[in-house]
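What follows are several structures.
You will see two complexes here that share chain A, one where it goes with chain B and one where it goes with chain C.
Here is the complex of A and B:
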């Protein structure tokens, strides 16, 4: 009931309309809904750490997808040399990428915090290019993928047969969202980070170490996205340019939800995933699915800018 | 005193014009590539002078490539006409897209333009009947049947025209409009500048230049493909060149393009696969430590010493 009260009347209509639409779609094309929820889970999962950086440090990290790509490579080589399963490799990836995040923050991001936004964009774009070219140099552009039998698990539900493994992304996205929200609302460090995100000067006045908070949040996000890279590898292959579409899709989701709205990112992810799966379901037009996120991005940003103008 | 200041320009122009007379085919080919990248770098910087960071360079370059080749193959007009047509197509598309995306600022504009290149590539890939789909298309023969000397002069002409346009941007009222928009859009608006109109105009002009460069490139190398024509290099290299040379000026990108173009040839021989890593590094280091670029820093140094001397 608290949910209903918070949404207000128009909100209820929107939610009801979405549910009805989804139900219709589930009857018409059930695979679209399943595939969309799996895809959307992955998008949301990758977008959440980026939303965290943008919301609290206030920097748009254009190298976000590239860090995920590096995480996937890390897990791949770990599985080749030690035979470690990519799912287990998430733990060392978490540690290694936390260190990578600390190094990136101290060497580059920290110096650009006060710089104009353009410089921050250029800086992270340069980082993205360095990461993808580094991968290209080290491991060539050949797609790599470990063979894992468990990702082919499937399930029958009435007349439907579908893969179940990809729901791990959906579950992961929801778990990460809940975890991040608990972290931000319940822990001391998280509350401090929220305060810094709202107003860095105010946070400093009440005695929060703003620089350290930035460092913690940035490294945490990079650590998370590195581990997500390992999880990504279980079902997808990795190559140097695999990350950059995810950077853009993540940004699209964040723009859709509004900066600082983490749960909106997850809902947006499902929406985008279902929309893409819908386009993919038409034979011969599947190639156009990559345009969907752009259409959504432009429509949402435009909608927002016009609403702001009339308000 | 006026003529004395013109001496370096005259020497530079004479050197550039007579370059093929004392160089071999390989050096001329390198020079052609450098000049095309120089054109891109300048056009990117011209938009940046208005404070808008565009990542659409590769996109409009690819659009130009495709427009030129398609018109050339389907109607059989002279190659030069098709190159001009490429500029017109890129300019018109930019104007139309610009009407929407130039409502956006900062990171929203940057990422939307970055996504544009991906969208153009997807569109091209999905209309195989017209564009040859993922395989791309070959021209029956390159422009001037591959005579590098003529190609050099043609590309030099394009670069010089771009330099002239850039100087027009620098020396007319447009310069004040752009600088004022960059510094503070609200002030610009209240001093009677039609911000939106100026931005759409500049976006269209710079994109048209990128389209011409793309058309030229396609005719010089005789090949187009979704991966090749929209390659991130056509964004990464010009950006690194302009940044290294110094942004917000005509001469910065020229200096940067010459320096990096020569360096690129050397690096290509040393590290064939990863030489672009260096470009990413240059972007990062320059944004952090030398935001004015080499030319900008030298200009400040020179002006400082001249002022010091006269006192």
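Here is the complex of A and C:
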């Protein structure tokens, strides 16, 4: 019992249990594992930039999904007017949304940093409303999506046929995680951002320009989520309200992983993706997918709280 | 001779003065006001409103009605029941409109009905297909409804598929799989369809629409694939259209009949090769312009005026809405309510949707316009009518290949 407790404490037991469960699931319902990892990758990919802002700047950006929506519209219109593939449009989206991030930070976020948290929430909620209404006025609520034949590429293994393109989200989430961790741990700006995230007053005392760090991190996050919007468009329709559900899912993932835990966001995303795909694989239980999503979230948060108390 | 010329001059001046006075008097007449409540942020409401404006412009260019100009006052419902109901109050009390027209969404309209009852003005409504709305307006003699009720739509599909199977024996439907979005729209459509298509073996499963935060349809598609249905019907929103086709292709699911039933199709759907052969339900397709002069006129006039193509059947429906009212006013010769109701009951309008509109009783109301929907098919990037055969613009392509 003591051994189990010790293993559980170090996390090895949890990892082993997860691997065994995954292996059993892969034998029983292989498509659940494949599609769960794919959809979990999308959740994690979208959540990572939000986690960055929340971890460093300390603001819950309720306009997160709306920036992704604007990124998808940007890529769509670029593809219409220039013929540019949305995957390529990720590069200009990075630049344009970095500028949008700078403008948003300087005009709004910076002024609310010292305000009560509720005011910050209301501010970003207002930004979200403005963005979706802007999109509605500009492009109506009619969904838009370019035809891209590569998004339905598939592979056959025995009797199982599954899509391969959606792994782009899985790969994207892992690549973004690695990139962000390298940025935060290996670069000067990244180290400064980590210091600011942990203790802004202390960081200021040692000479770090806190305001500039906030600006860089906020702009980087908006640039990333704008580019992710272009990637999102390849497999989804864009319309004014497409982003808001992803704001909520991203926030839940971050809450599950713990603020500042970027790796946890990715593993949590995969876990939730697989849990959802598992529930959906049973006919007639599709409506339970959201329940499972939030049940896993509540269980993890309670489990973490229990571990903290017993530690 | 000179006095004769002078008399003629005086006479001409007198006639000019009289005509001028008549013209000025006519110009002073207040316009006839039509009050519409449409969701302007949605393509259905936006295009219906444009089509209404087009009809009003045409009628005014032709001299107006009863010597008066026609004025359209539009308020945005924002698809919000409370705002939709408040709009009726505003149109009645502030704008003093003569007749109510519009609008879309059964949920919004249910909230508007108490306000409409309060004012009791003649109302000619184009949307709101739920039979709950029909129950709410039962017995109202001033209420006219154009869009077919949900049960009429269901009955028309049953009739249409029976006719298609009889005409083309290669097409046989015994088993249907319904993938419906889990909200009220999808669920009520599915439940209505079960009653309508009782001759089929019906299997249904809900999915979360992209419009509500979903967008992964693979599990429901896999379940459908396991059932090997003769017809696969998804009831969702436009945002689901292309992704569901792509994901079906991903898992190699190609049922013989692939039917989509969104309220509006996304702009680029026809450009995708996956759209080829997809069946759609609707009241109108642009191809009707090739067989109907009214539809052809509407199509060209709409593009001339707004520099965009009508993309939803609510556009010709909005145009029809104004013309049905205008012709009734013309027939009645007055805005008196009883005369206007009598004139509306005599409606016979060749609409751009193909059919001639008349008002006949439905289950609960006396004034129902259109009686059913059409079965359409995407062919070479365009929607073609394949049933009713009298409006058919193409032969059906069968089976769906998902190419």
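Criterion: the second predicted complex is superposed on the first by the 279 of 311 C-alpha atoms of A that agree within 3 Å, B and C clash if a C-alpha of one lies under 4 Å from a C-alpha of the other, contacts with A are read in each partner's own complex, and residues count from 1 in each chain.
In this text, a contact is a pair of C-beta atoms (placed from the backbone, for glycine too) under 8 Å apart; a residue touches a chain by one contact, two chains touch by 3 or more.
Computed from a predicted model, the values in this text were never measured in an experiment.
Student: Based on the superposed arrangement, let me know which partner A:151 touches: chain B (first), chain C (second), both, or neither?
Tutor: second
Student: According to the stated criteria, A:288 is in contact with first (chain B), second (chain C), both, or neither; which is it?
Tutor: first
Student: I'd like to know which partner A:302 touches here: chain B for first, chain C for second, both or neither.
Tutor: In the superposition, A:302 contacts chain B only.
Student: Between chain B and chain C, whom does A:35 touch in the aligned arrangement: first, second, both, or neither?
Tutor: A:35 sits against chain C, while chain B stays out of touch.
Student: Contacts for A:60 in the overlay, against chain B (first) and chain C (second): which applies, first, second, both or neither?
Tutor: Only chain B; A:60 stays clear of chain C.
Student: Which holds for A:255: it touches chain B only (first), chain C only (second), both, or neither?
Tutor: Only chain B is touched by A:255; chain C is not.
Student: Between chain B (first) and chain C (second), which, if any, makes contact with A:202: first, second, both or neither?
Tutor: neither
Student: After the superposition on A, what does A:126 contact: first (chain B), second (chain C), both or neither?
Tutor: Once the two structures are laid over each other on A, A:126 reaches chain B alone.
Student: In the overlay, answer first, second, both or neither for which of chain B and chain C A:117 touches.
Tutor: In the superposed model, A:117 contacts chain B only, not chain C.
Student: Show which residues of chain A both chain B and chain C reach, each in its own complex.
Tutor: In chain A, positions 136-137, 140, 241, 244-245, 248, 287, 290 sit in both the chain B and chain C interfaces.
Student: Can you list the chain A residues touching chain B in their complex?
Tutor: Per the stated touch rule, the residues are 60, 62, 108, 111-112, 115, 117-119, 121-123, 125-131, 133-134, 136-138, 140, 241, 244-245, 248, 251-252, 255, 285, 287-288, 290-291, 293-294, 297-298, 301-302, 305.
Student: Help me check something: in the complex, which residues belonging to chain A touch chain C?
Tutor: Residues in contact with chain C: 31, 35, 39, 136-137, 140-147, 149, 151-154, 156, 161-163, 165, 235-237, 239-242, 244-246, 248-249, 277, 280-281, 283-284, 286-287, 289-290.
Student: For the complex, which residues does chain B have touching chain A?
Tutor: Counting only chain B, the residues touching chain A are 48, 51, 53, 55, 100-101, 103-104, 106-108, 110-112, 114-116, 118-119, 122-123, 125-126, 232, 236, 239, 243, 271, 273-274, 276-277, 279-284, 287-288, 291.
Student: Contact residues on chain C for chain A in the complex?
Tutor: For chain C paired with chain A, touching residues are 41-43, 46, 182, 205-208, 210-213, 215-216, 218-220, 222-223, 237-243, 246-247, 249-252, 264, 266-268, 271-274, 311.
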